[in-house]
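Here come two complexes built around chain A, the first alongside chain B, the second alongside chain C.
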Partner chain A sequence: MTATLALGDDALVLSHRLGEWAGHAPVLEEEVALANIALDLLGQARLLLSMAGDEDELAYLREERAFRNVQLVEQPNGDFAHTITRQLYFSAYQRPLYEQLASGGSAFAGLAAKAVKEVAYHQDHAEHWTLRLGDGTDESHDRMQRGVDALWRFTGELFEPVEGLEIDWRSLRSDWLESVSAVLDRATLTLPAGPQSGAWTAGAGRQGIHTEPFGRMIAEMQHLHRSHPGASW
Partner chain B sequence: MVTETLLEEELHRLAGSVPDPELPVLTLDELGVLRGVDVLAPGKVTVRLTPTYTGCPAIEAMSADIERVLHDHGIPEVSVVKVLSPAWSTDDISAEGRRKLAEFGIAPPRPHDVTAPAGGPVPLTLSVRCPHCGSTDTELLSRFSSTACKALRRCVTCREPFDHFKEL
Partner chain C sequence: MAAVTADQTAQAGADRPEGADGALEAAFDAAVAADERIEPRDWMPDAYRASLVRQMAQHAHSEIIGMQPEANWISRAPSLRRKAILMAKVQDEAGHGLYLYSAAETLGTGREELLDKLHAGRQRYSSIFNYPTLTWADVGAIGWLVDGAAITNQVPLCRCSYGPYARAMVRICKEESFHQRQGYELLLTLSKGTPAQHEMAQDAVNRWWWPSLMMFGPPDDASAHSAQSMTWKIKRHSNDELRQRFVDICVPQAEALGLTLPDPDLRWNEERGQHDFGAIDWKEFQEVLKGNGPCNEQRLTQRRRAHEEGAWVRDAAVAYAEKHTATHTAARNGEATA
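Coming up: the complex of A and B.
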């Protein structure tokens, strides 16, 4: 249950954040790309939350403290570079995580084997934009570096072991660091030197402790369902 | 795998002939998403269907269409179950399906390179051919297009944009 909610909430919350770009993306192609990535994540979330119980009740009727997503995915979109950084950090984590789950014998193996192929495209998308913005104009470089620096302190939590997931966390962390460092380097960006988590952040999202913007995000996400219980399309 | 009975074969053919709700030129059989039909008891059938993408909303329309077709064929109890494993791949699209996609203006997915690392985007070894003029000189505009399963490309020769069913 802990593991199912951790994986499912990561996907659900990031999906919702990406959905917030609809109508606001800098170009039409990105509008469509971010919505498609959001849809992939929503598909994962639906399967995972259905494994844990009723998907709608879990998504729309839980209080903030009951969500088990990492704090990284709940961070507001910021500018486009900020969103791309969040995508880079998260997809570089989710891909090797799902690769490990796909080769294991747990209940997540089937879903992970399927989703990892989709996540490979999410990572590819984030890496290309990181290169383009980092090695672009002075302005895009500065904004990308600001995003990379600002979200760095939320990355430590990704490697806090989750009960019920048979993962080699040490190798997950080294895979992540290797791919992220390589992309940042090619993008002429600097890998942040600061800590990957503060005392107040380590593992906190997985324990139900979230950052301030998350409350407002789920208020919006849950508003319709709570105002009109049982409503359907 | 248990061999299908004659009735199961017939129902498989019927369910397989249902057109894809988003790409109506393809049947579900050509798309490779129909995994099997099991007759559990007289008038009671289970259809196994696999999604293309995890979040693909078309699967609900596919299920409803399959149920309708089998009901019309005199099967009162039809349940469509979603199976995830083994994961669907664009290699499951039949040769006829690829031909129809190209004819419809969508560049079909390229076959997977067996030497490529599993799970990653396919290295661009073969060029994607423009479905309008046949030129192989095409460029990627966006990795994501009108649906999750397609990428948006443009032909450098005839300048037309087109969808490419990307490899999965």
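Coming up: the complex of A and C.
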């Protein structure tokens, strides 16, 4: 249950944030691409939450403290560079995570095998934009570096072991660091030197401690569903 | 328009033998009359090209502005299934925008130029999107009525004389009819749901019915572009014919939904074999068209803002591409001389 919710909530919350871009993307092709990623993640979330119970009850009727997603995915979109950084950090984590799950014998193996193909595209998309923005104009470089720095402190939590997931967390972390460092380097960006988490943030999302913007996010997400108790949609 | 004219002269000039305008025009007219497709490299009258660019641009703009009223509900969709459907729908609209801007590009007018005209208020989009989506049921009403009206308008465009537009429309119409069924099904669920849900559905239909009828454009005797477009087979049925067809389709569907259409004059006319319906408030239509609808300002402002705020991203992509093309070229030249 803990593991299912952790994986499902990560996908649900990031999908929601990406959905907020609809109608606001910098170019029409990105309207399509961001929606694609959001839809893939929502599909994953629905499968995972259904493994844990009723998908809508879990998405719409849990309180903030009961969500088990990492804090990284709930971070507001910010500018396009911020969104791309969030996607880069998350995809570089989700891909090796799902690769490991796909080759294991857990209940997640089938789902992970399918999802890993989707995530490979998400990572590719994020890496391409990291290169374009990092090595584009001075402005895009500065914005991208700001995104990379600002979200860095939310990355440590990704490698906190989750109960019920048979994962080699150490190799997951080194895979992540290797792919992120490589793309940042090619994009002429600097890998942040600061800690990947503070004492407060380490593992906090998985324990149901979230950041302030998350409360407003789920208030908006849940409002209509909660306004009509028991209704079908 | 100047750019269109310059470009079409350059393009058409290449294939046009001196003094043979009359013969080319006759060949064009014969092709249209024989229901053959006109393709981008074929000679075509300047006015035909301009008319198509205007229509395709307006259509493309409608797709991308039309994303806004529906995207307004993505974050609040009341179930994950509905959320996935809505996100996919809004994504389809972005995709339709892409096909249509590409189709317009085959006539020599690029997306950037058309977007600039939209942002400057010099080209239009469908007025329907200047109405607000106030409740979740509006998402269903848009699917059923607005997409339904769009399909009624657009199915004949699949046989439009201009090839790239006709082919884009085949794909678009398939997706639109999917959206329409989803909208209908959403409304049906609400209509058969709790009393509050039913009321929400009825209220949405009340608000969207008349604006949907206006989507077919002014009555035939007041339509500026109709006659010429019909001769050119860009358009195949008159505004009033299509509007009547739409009303006749909707009446039994509304009954099946358990919802009423907000028109006391709506009734079956045995003699005509069609429904009579009440007078449309054309004053409202003209006002919305002039920019005084509930959301004109909001829609255009959001579109402009997204474009302006995205400028640095587009600049970065161009700068990156230039840098890397330059690097590759330098590397290749270096190899060649070494």
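Convention: the second predicted complex is superposed on the first by the 228 of 233 C-alpha atoms of A that agree within 3 Å, B and C clash if a C-alpha of one lies under 4 Å from a C-alpha of the other, contacts with A are read in each partner's own complex, and residues count from 1 in each chain.
The rule we apply is simple: a residue touches a chain if its C-beta (ideal position, glycine included) is under 8 Å from a C-beta of that chain, and two chains touch if they have at least 3 such contacts.
Predicted model, so just to flag it, every value in this text is computed and none were measured.
Shared-chain residue A:42: touches chain B and chain C both. Within the superposed three-chain model, A:99 lies in touch with chain B and out of touch with chain C [touch as defined at top].
Of the two partner chains, chain C is the only one that A:231 touches; chain B does not reach it. In the superposition on chain A, A:76 makes contact with neither chain B nor chain C.
In the superposition on chain A, contact is made by A:139 with chain C only, not with chain B.
In the superposed model, A:113 lies in contact with chain B only, and not with chain C.
In the superposition on chain A, contact of A:29 is made with both chain B and chain C. A simple residue count on chain A separates chain B from chain C, and the partner touching more is C. Where the contact sets of chain A with chain B and with chain C meet, they give residues 29-30, 32, 35-36, 39, 42-43, 46.
By the touch criterion given at the top, residues 64, 67-68, 71, 74-84, 87-88, 90-91, 94-95, 97-98, 101, 111, 136, 189, 193-194, 196-197, 302, 305-307, 309-321, 323 of chain C touch chain A in their complex. Within the complex formed with chain B, the chain A residues making contact are 29-30, 32-33, 35-37, 39-44, 46-47, 95, 99, 102, 109-111, 113-118, 120-121, 124-125, 128.
Chain A contributes residues 12, 16, 19-20, 22-32, 35-36, 38-39, 42-43, 45-46, 49, 55-56, 59-60, 79-80, 131-133, 135-137, 139-140, 143, 220-221, 223-225, 228, 230-233 to its touches with chain C in the complex. Within the complex formed with chain A, the chain B residues making contact are 51, 53-57, 84-89, 119-121, 141-148, 152, 166, 168.
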